[in-house]
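Here chain A shows up in two complexes: once beside chain B, once beside chain C.
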Partner chain A sequence: MWLMSLLSSYDVASDVNVAIISQPPSPEHLLGTDKLGRDVALRMLHATQAFVGPGILAALVALMIGLSTGAIAGWYGGHVASGLRLMTTSLASIPRFVLLLLASSIYGRDLTTLGIAAGIAYSPTLSEAVYARIVTFRDSGFVLAAKAHGLSSLRILTYHILWSNCKELIWRNILALFGFFLLIETTLSCIGGFGVQEPDPSWGNMIGIGDLQIGANTGNPLATWAPVLAIWLVLTAVAAARGTSVEANR
Partner chain B sequence: MAVAVLLVQLAIALAPGSAADIVANSEELRDGLTEHWGLDDPFLTRYFRFISELTQGNLGESLTYRAGEPVLSLVARSAPSTMFLVFAALIASISSTFCLAWLTAGKKSISRTMLRTVSVMPVFLAAYLAMVVADSWAFHNTLEVGIQPPEWFPLLLNDSSVKITIAVIVLGLGSSAGSEIHSNIETSIIEIRSSGYIDAARARGARLWPHTLRNIAAPLAALTASRVPYFLGGVIVVEKVLHLNGVGSMLWEACRMRDFPLALGITVLSAAVVCAARLFADLTRVLIDPRLRGTN
Partner chain C sequence: MSMSKIELRHLKVTAGGKTLVDTTGLTLEAGEAHLLVGASGSGKTLTARSLLGIVPAGANVTDAELIVTLEDGHEVKPYQALPRRRAVERNFTSLRGDVIGYLPQDARGSLDPLMRIGAQVKACLSLNQTDESVESCLARSGFESPERIANLYPHELSGGMAQRAGIAMLLARGSRFVIADEPTTGLDPTVQEGILSELSRLRDSGVGILLITHDLRIVPRLADKLSIMHEGTLTECSSVKLDELDSAPARALWSATARISGDLR
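Our next item is the complex of A and B:
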């Protein structure tokens, strides 16, 4: 609650204070201030809004598209499967990053668009993984038993196959998608032209490669290094979480 | 033979599939285009015109990036350097992680954790940090005699071999490419080493590595092909951060200037490269593995 009120009371545009440019950490400014005298710690916190919400949106979109296409193709097989899989493989043959660049160039650079586009761009991977898993289960004993009990195919598919047997797989893919979204968002915002732009903070644009000035933050190196460390930490955590769930699955 | 033909046909079938994606793209693109240049042809007309032009090898003309110049000649001029980067990165990352995986497969090893920790670094950050290091290194001598380096990156200004080396390494290992490829290769090495024919070879005292190498070639080819789209995406970032001239930075600028014919042309070509890589991987598998050549 305290954090929420702190974030909502923080105004990204009017925090500029030329009297305290590039100061090292102090009790008032825990991570110091950047080249415009803005509080780095608050901006770091504020910047999480740039990837957490849209990342979850991307996950939802990918789940909706990837799960449904993968599950339907895996369950019904035949022409349905080859049609759906032709669609997913052709979408997958365009590099994801290119798709996202095109999307943000056509529909504008707001984060909702980026989230939806990232979800669509990731869905072939999820669809492929779910398809491969369901094909191995389709003719297995427990599915036959469930059919013999007279359960509907929807129930078998959603509960017995997807929920009981693909949870780990889906969770791992969602984690990967979240890491992928953070990567995309910081990359776009960092290089500039797309993604989050000043004065709105993002871990990407706080690093400030766009202006190519290593000397710009010399008074307070933390203004550059704190977001670098944060990105690295989050991505490592995501990779580690994926790794442990892989090992739990074996 | 039957299987080989099927595989090739499957791979070729992917190419019109990626053309179907142009439908989606040009549908989206159309909104922007009609808005900006007042083009009001029906969507299907435009789509079929694009496809028919495409079959004649014509991708249209650039609108804003280099107004009036054919997309194909623009791309052809800067494609060699970009493709060099992508292929060099592929070879570098596959060969280095293969050597590492050969040593670490099935063992507890600190190098796995180290590789994961390092290669999780996003491509843009890794390229930037490498640039900072290389720059301070290059100006080490001038600092000693009291000349301050300029505040921008001097190395950025020329296409030096240092920059290209950084680009290849960063592209090959960054954004967890290194650890993902490594763990994939490790899995297939473990699978092969625990298989029956390796046991048989060991039993008759033969050397094991020729058997392992021959059997790992097929999964390795598939893995290489599957990494191509990632590297094509990453090369955009690398070229942009390191200020290299190439198709990647051209695509970025085309997207920024809303030059959709150029952006679409590059997208189609990158999809074609991905499909070609898949075809190549399938052909390699058939070439290496006699079982896939079928019975008749």
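Our next item is the complex of A and C:
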């Protein structure tokens, strides 16, 4: 709650204070200040809004598209599967990064668009993974036995296959998508032009290609190091979580 | 109260224009064990699975007359709706599990790999809406420590234990008939004997069992009726005595079995 009120009370535009440009850490500014005299720690926290919400949105979109297409294609097979897989593979043939740049330039640079686009861009991967898993189960003895016990196809597909036997797989893919989204968002914001625009903070634009070129943060290196380390830490945590979920599945 | 009964009058199964099974049928009554014996590829499994309406992908039941008489005298004729496959499928949904259960050869592969045995038995119990406990079902199927078994995953079971778990699920499901497709194949003789005695207990409790096998040696152990499947055609033997087999394919199968066993009479 304290964090929420701190974040909502922070005004990204008016925090500029030229009197304290690039100060090293102090009790008032735990991570020091940046080239415009803004508090780095607060901006770090504020910047999480740039990827947490949109990242979850991306996950939901990918789940909706990837899960349904993968499950339907895998379970029913035939022409339905061919059609759906043609759709997902043609989508997958466009590099994700290009797809996101296209979406941003056509539909706007806001994070909601970026989140939806990332979800769509990632959905073929999830779809393919779910499809492959379901195909191996479709003709398996346990599906046959479940049918013979009088269970409906829908229940076998949703409960026994998707829930009981695919949830780890889906979770791993969602974590990967979250990592992917963080990387994309910070990369775009770092390059500038796309992603999060100043004065709104993102770990990406806090690093800032332009700032790096002119050495804007030499006075307080933490202003660059903090976002770099934070990105690395989150990506590592995501990778570790994926690894644990693989281990738990053994 | 009339006896429940499965009556397959005739059956034709084709795949890609080729006829795999074309035969007059067989009957299976409550409380009897009917052995369906034949060489591999003779169509035993197709025949058995057509009783459940689940033939493998690619094969089609093109013509069949199946009459399932329930305990209250009500008759279900699932294949009457042919050639409307969806309607046939709907007819079968009321029969599967409740009336006819299935015990497959690959017992372990027939269990949900990521669900504990207890949970799977429990799921069957809830479908059957009975108050019996999971442990009692497992105990009735011959497990000595049901609490321990209930906590295991399928990959932790041996073939014989998985087969027993399958039987426990059928007990939990309360199926009136059981179609057992080579349930003892690939098990060692002690375990085979255990599974056979569970099946004979099941029969004695009033369940009708159709046992598919290529092993004639279990005939004296269990068979009330014996049918031979040969190249897609069924023949019911007039006697279940192995010395009095009245069909040529059955005699050929028995003499081969006897030669392997080394006691040709």
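In this text, the second predicted complex is superposed on the first by the 245 of 250 C-alpha atoms of A that agree within 3 Å, B and C clash if a C-alpha of one lies under 4 Å from a C-alpha of the other, contacts with A are read in each partner's own complex, and residues count from 1 in each chain.
The working rule: contacts are C-beta pairs under 8 Å (C-beta built on N, C-alpha and C of every residue); 3 or more make two chains touch, one makes a residue touch a chain.
Remember, it's a predicted structure, so these values are computed and weren't measured experimentally.
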*For the overlay on chain A, clash or fit between chain B and chain C?*
fit
*Identify the partner contact of A:R96: answer first if only chain B is touched, second if only chain C is, both if each is, neither if none is.*
first
*asked:* In the combined three-chain superposition, what is the angle centred on chain A between chain B and chain C, taking C-alpha centres, to the nearest 10 degrees?
replied: 90
*Tell me which of chain B and chain C touches more residues of chain A.*
B
*Between chain B (first) and chain C (second), which does A:F142 come into contact with in this model arrangement: first, second, both, or neither?*
second
*Regarding the shared-chain residue A:S26, is it in contact with chain B (first), chain C (second), both, or neither?*
neither
*Looking at the overlay, what does A:T112 touch: chain B (first), chain C (second), both, or neither?*
neither
*Could you say whether A:N165 touches chain B, chain C, both of them, or neither, answering first, second, both or neither?*
second
_Which of chain B and chain C A:G150 touches, first, second, both or neither_ = second
*After fitting on chain A: smallest Cα gap, chain B-chain C, Å*: 20
*Across the two complexes, find the residues of chain A that touch chain B and also touch chain C.*
none
_Quick check: in the complex, which residue numbers of chain B touch chain A?_
13-14, 17-18, 20-21, 25, 28-29, 31-32, 116-117, 120-125, 128-129, 132, 135, 151-153, 156, 175-176, 179, 229-230, 232-234, 236-237, 240-241, 251-252, 255-256, 258, 260, 263-264, 266-267, 270-271, 274-275, 278
*Please give the residue numbers of chain A that touch chain C in the complex, ascending.*
139-142, 144-152, 160, 164-165
_Under the stated contact criterion, what part of chain A meets chain B in this complex?_
86-87, 89-98, 101-107, 183, 186-187, 190-191, 193-194, 207, 209, 212-216, 228, 231-232, 235-236, 239-240, 243
*Can you list the chain C residues touching chain A in their complex?*
52, 54, 56-57, 93, 95-98, 100-102, 104, 106, 109-115, 124, 127, 166, 169, 173
